[in-house]
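In what comes next, subunit A is part of two complexes: it sits with subunit B in the first one and with subunit C in the second one.
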Partner chain A sequence: MNGVERYERSRSLFERAAKVIPGGIYGSKAPGFLVPGAYPYYIESTKGCRMRDADGNEYIDYLCGYGSQIVGYGNERVDGPALERASRGDLLDQPAPVMVDLAERLVASVEGSSWAVFMKNGTDSTTLAYSLARVRTEKPMAIMAAGAYHGAANWCGANPFAALASDREGVLSFRYNDLGGLERLFAENRGRIACLFLTPYHHPTFKPQELPDPALYETARRLCDAEGALLVMDDIRGNFRLHSRGSHVRFGAKPDLWCMGKALANGYPISALLGAEGTRATANSFFITGTYWMSAVPMVAAMATMDEMERLGGVPRLESLGLLLKEGLESAGRESGFGARISGPPAIPFLTFDEDPDLYLNQRFGAAMARRGVFLHPHHNWFISLAHGEDDIAETVSRAREAFAAMRAGRE
Partner chain B sequence: MEKHVDRLSKGEAATLAGIRLATTAHLVAIAAEADPALRAMAPKRPFALVLSAPGLPSVGVSARGGRFRAWSRSSADRGGRGWPSIILRFTSRGSAARALGGGKGMPLPLPLGLGAPAALAFFRAAASRVPAILKDGAADPPLKARLLTEAALRGLAEVAALDEGLEERLAHVPDGSVAVEAGEAFSIGLRKTGRRIEVLDAAPTSPNARLKFRDADAAVAVFSGARPAVLALGSGEVAISGLLPLIQGLFAVLDRLGEYMAVRAGERLE
Partner chain C sequence: MNGVERYERSRSLFERAAKVIPGGIYGSKAPGFLVPGAYPYYIESTKGCRMRDADGNEYIDYLCGYGSQIVGYGNERVDGPALERASRGDLLDQPAPVMVDLAERLVASVEGSSWAVFMKNGTDSTTLAYSLARVRTEKPMAIMAAGAYHGAANWCGANPFAALASDREGVLSFRYNDLGGLERLFAENRGRIACLFLTPYHHPTFKPQELPDPALYETARRLCDAEGALLVMDDIRGNFRLHSRGSHVRFGAKPDLWCMGKALANGYPISALLGAEGTRATANSFFITGTYWMSAVPMVAAMATMDEMERLGGVPRLESLGLLLKEGLESAGRESGFGARISGPPAIPFLTFDEDPDLYLNQRFGAAMARRGVFLHPHHNWFISLAHGEDDIAETVSRAREAFAAMRAGRE
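Coming up: the complex of A and B.
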């Protein structure tokens, strides 16, 4: 079946969408970020690690709602309590008691934190972190790694239009893992740095992922301390996938603020900003609000998700599934003569080809896998969930073997 | 951006002038190569006609042995220029933008050789033939597509070089080469290095990215602005592959070019 027939409904929905929605589908889910015509544009339903698109094609999913799924789509142990809470009200005049439970639980889990506030999107959390850091330090600038994504706000550069340039004036960037460059940036801007944003490891789009230099966090802490700046760990993508006490523990970082989101409630909309004791007074003095920020259902879902993660084996299980996938895909690639390489931590893998930095092979491989019922993003890292099993990984590797062979034969 | 040339800022008028100069020269050369009626009108004697405006690199069209060539800042090589037979000098960038956009204004002709009058007459005829081909519903789609693509790529090079507002954006777009193809209609390319964009006569053999239109009509739809690129992408009329941040970054520059191309020069400003 060719792409046109296979994704006919997706395409006709897209044509309708284009008339009433800018871009048809905007942002990171725009067809142009995948391989247009070779992937579905609309998804109809999901369960566990499987999903069905608008045309009825089925997939094993490795994007997990861009990381928001960690214990599986439609997990009854999460959805049950969430639906029960919904039946008694979600968005209330005042917070539901569960907000206290969740804050206590997060503070107990995330090593070094002593308070938590809640919002909806990761961007809400990073934006509040930036504001808090500026107020706390009375300094204007933030530093981040070039190519790092901290959200869709103007200050962190999601829309680099000239008319918005003044919104970006507060942010400087350095090349990830370039410790000398980071030192220089601090030195050149002494007395002006409010915070340093780091993701636990570097996960730029279109590029292999990079683990932190062993000296990165020690250097970052030292530079922040000397400057009186805050170290912000943007753990939105990692979010308990890398360590049950926060990704910083895995890499030996000692942040002042933590941004969390995505998988926090297995897809229910909630993000969080956590802080160390030294930032509490500033947070106390801040006006922090949003109509939906205290809705109860996602908080119940977050509690249930943490329980479910523990029950299903947590990080060690994710890690072993990820390693299985890594070994399987790399060796399937080698069998057909491809230098396919998985980068990043095993639970958040990304595949690139050593011989093809321009990603033509990624695009062919992604399209060949989508055709075979496996959804792997060609340009953005993937996610393993606790709903994936050894059999799903084995099926994926077997499809990959076929895909690599077809690519080698020039058929796809 | 203001919609009339007389309301543009100095910088915007300069950018628009750069776009109009380069696209005029290159489109005249392509139309002359492709259109038998125009070829028949071409002077027998080789000529080179230069267009210039203060503060902008000059552009030109030349004819020799039945072949037409144009040059501008985005030309990949310096060949085919020849000694100018005539220079058309605009007194200001604003007047170049206005006159080449169909509004009032005349350049000062500076004849430098015997072929000057014939070269000027031919250039005038060819320059007015280009919009006529583009408007003509019955015109050959591959030629239309080729002209619009040329206008887009040459315009892209000018906006990238001249519009200060794009400096930061371009700094985030990776350098590299792109093959631009439309079915059987044409296959050309470009190379981006910093803010410089060179347009290549043939698609590079190992481009960093490919932009492939399904056919000439798809290229016409996108480059005439009738079909937004993101929608054409989603619907499969155009395919992109390889280093996508390079193409997507250039799409953003094309959007900016679209704003300049929408600036009117013809009607009087009230």
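Coming up: the complex of A and C.
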């Protein structure tokens, strides 16, 4: 079956969409971010770690709603309490009592934090962190790693797409893990740095993932302290997949602010900003508001997701599944003579080919796997969920073995 | 029963919250935006136009989740399809087919629009409108009416709260309905204006609402055309309560961009930006993205909300209910010698006292009504929903008659 037939309904939906939606599908879900024609554009249904596209094709899913699914699509222990809350109201005139429970629980869980606020988008959280740091320090600039993603707002320098140059004047960047470069950036901009943004480890789009240099966080803390700048841990993508008490604990970091989201409520829309005690007064002075920010259902879902994470084995379980996948895929690649390598922490893997930094092989492999019923993003890191099982990993590795062999034989 | 007893659980929740959440409750739901001690701080459940607070007190609700409830809390014809969609997945790796249906339907409904994108917050929509206008025109400034609310982002000049002064340098403001002033602002900033933001009518916080001067929109269009600036209709608060084809139709406005949200999906989290054909190419060039922006459940809810609006009588029904409320409350006020006056369009009323522009009487009246089981915001406009009935309005007016009499007698 060729690509046109396999994704016929996706294509016909997309043709309609292109008339009334910019790009047909915009942003990170645009077909061009996958391999156009070789992936489904529309998804119809999901359950556990499986999904079915608009044409009825089935997949084992390793994108997990861009990381948001951590205990599995349609998890009844999350959806049950969420639906019960929904039946009594979601968006209310004032918060529901669960807001207090969730704030208490997060502050107790995330090591070093003493307050929490809830929002919708991850970008709401990083933007508030940036604003709060600027108001707290009365200094204008943020430092970020080049290629790091901290949201789609204009102020985030990482977005390489259309916006006015003047929108990005608040951001300086350094090469990830270049400690000397970071030190120089602080020295050259003394008195102007409000904050340093870091993701727990580096996960640039289109590139292998990179773990932090063992001295990165000690250096970051020291430079921030000397400058009076805040250290912001953007844990939105890593959320709960690296450490149950916050990804910073895994790497020994001591942030002032934490951005959380995605897996926080297993796909229900909520993000959070947490802060250390020293930032509380500044946070108190802010007008933080959004129509949907105190909706009750995602808060109930967040509580239930944390329970379910624990029940299903949490980070250790995610890591053992991730290691199985890593070993299986790398070995399957070697069998066909490919230098396929998985980078990053086991629960958030990404595959690249040592022999092809330009990702053409990624695209061929991704397309071959999509055709075989496994959804692996060719340009963005993947995610393991607690709904994946050893059998799903084994099936994935078996499909990969076929795909690598077909690529080697020039049939993919 | 005194205030402490009536709201005991609200208070005790708030005491816990104050330890782990900045301000305990932040933003527009902060107790200080109501009358501290005289309103519930936490809501437990809702149905139709009624709600029950954390202490079990019941209310007829006229805030409607800050306008988001338009066909009533827990409306089964909205929640039914939404829950069915939820059972098959909400946040997916790619959009669900309903995204195409919703874009087609909105573009067909909103007069003058030719494309739509979906986001979460109202502020996402106004911020994208501002960015798009700046990129389209290559000019930096937005004009807004003083006191108008276009979101909680730093760039919106309307937010009077903490942010760096430099964050607001992109906004100029004029006195609403001062057509000469608006003309001068354009003249003095020729070549620098990217866009003019207007809400369909003026609904400043803490003040009576004001309908547009009959010449406002013709003037606005002419000035924008001469400057090459875009006219942005921020219809988030008015959404579907003024006209079924967009609030601009009611007032004869011809915008280039439309911001929608709140009532769009009866409280399910979604916002939208719509654009006229002339803005399509610029929209195509943007990277528009957010983890939850293509979630399917709110899109299904939006479709169902539009159906249900129509079935229940739409804007004419909302207006007849609103007029009943206006006549009833104004007449009840007069009976006790108060100049209580309802301003704004009938479906989005707000009460102020002619004899007290400082709103002390508003606060006394709001507190007296809260005690009597009617939730009327003392500082922010109200909303009628299609779940309100003549009997609810009659009960409200009857409680108001008691409240005004008690105020006149010095007992409130």
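Some points to look at:
Heads up, the rule we're going with is that the second predicted complex is superposed on the first by the 405 of 412 C-alpha atoms of A that agree within 3 Å, B and C clash if a C-alpha of one lies under 4 Å from a C-alpha of the other, contacts with A are read in each partner's own complex, and residues count from 1 in each chain.
Just so we're on the same page, a contact is a pair of C-beta atoms (placed from the backbone, for glycine too) under 8 Å apart; a residue touches a chain by one contact, two chains touch by 3 or more.
Because the structure is a prediction, the values reported are computed rather than measured.
Of the two partner chains, subunit B is the only one touched by A:Leu359; subunit C is not. Between subunit B and subunit C, C contacts the larger number of subunit A residues. Once chain A of one complex is fitted onto chain A of the other, the partner contacts of A:Ile25 extend to both subunit B and subunit C.
When the two complexes are overlaid on their common chain A, residue A:Ser166 makes contact with subunit C while staying clear of subunit B. In the superposed pair of complexes, A:His379 makes contact with subunit B only, with no contact to subunit C.
Touch criterion met: A:Phe206 reaches subunit B, while subunit C stays clear of it.
In the superposition on chain A, A:Gly37 makes contact with subunit B only, while subunit C stays out of contact range.
Within the superposed three-chain model, A:Asp124 lies in touch with subunit C and out of touch with subunit B [touch as defined at top]. Of the two partner chains placed by the overlay, only subunit C lies in contact with A:Tyr66; subunit B stays clear of it.
Touched by subunit B in one complex and by subunit C in the other are residues 23, 25, 41, 161-163 of subunit A. The residues of subunit C lying in touch with subunit A in their complex are 9, 13, 16-17, 20-23, 25-29, 39-47, 51, 53-54, 61, 63-69, 73-74, 79, 83, 86-97, 99-100, 103-104, 107, 114-117, 120-124, 127, 131, 134-135, 138, 140, 152-154, 159-164, 166-167, 261-262, 267-269, 280, 283-295, 375. Listing the residues of subunit A that touch subunit B in their complex gives 3-4, 11, 14-15, 18, 23-25, 30-33, 35-37, 41, 160-163, 165, 168, 206, 357-360, 363, 379. Those residues of subunit B that touch subunit A in the shared complex are 164-166, 168-169, 172, 176, 208-209, 228, 230-231, 233-236, 239-245, 248.
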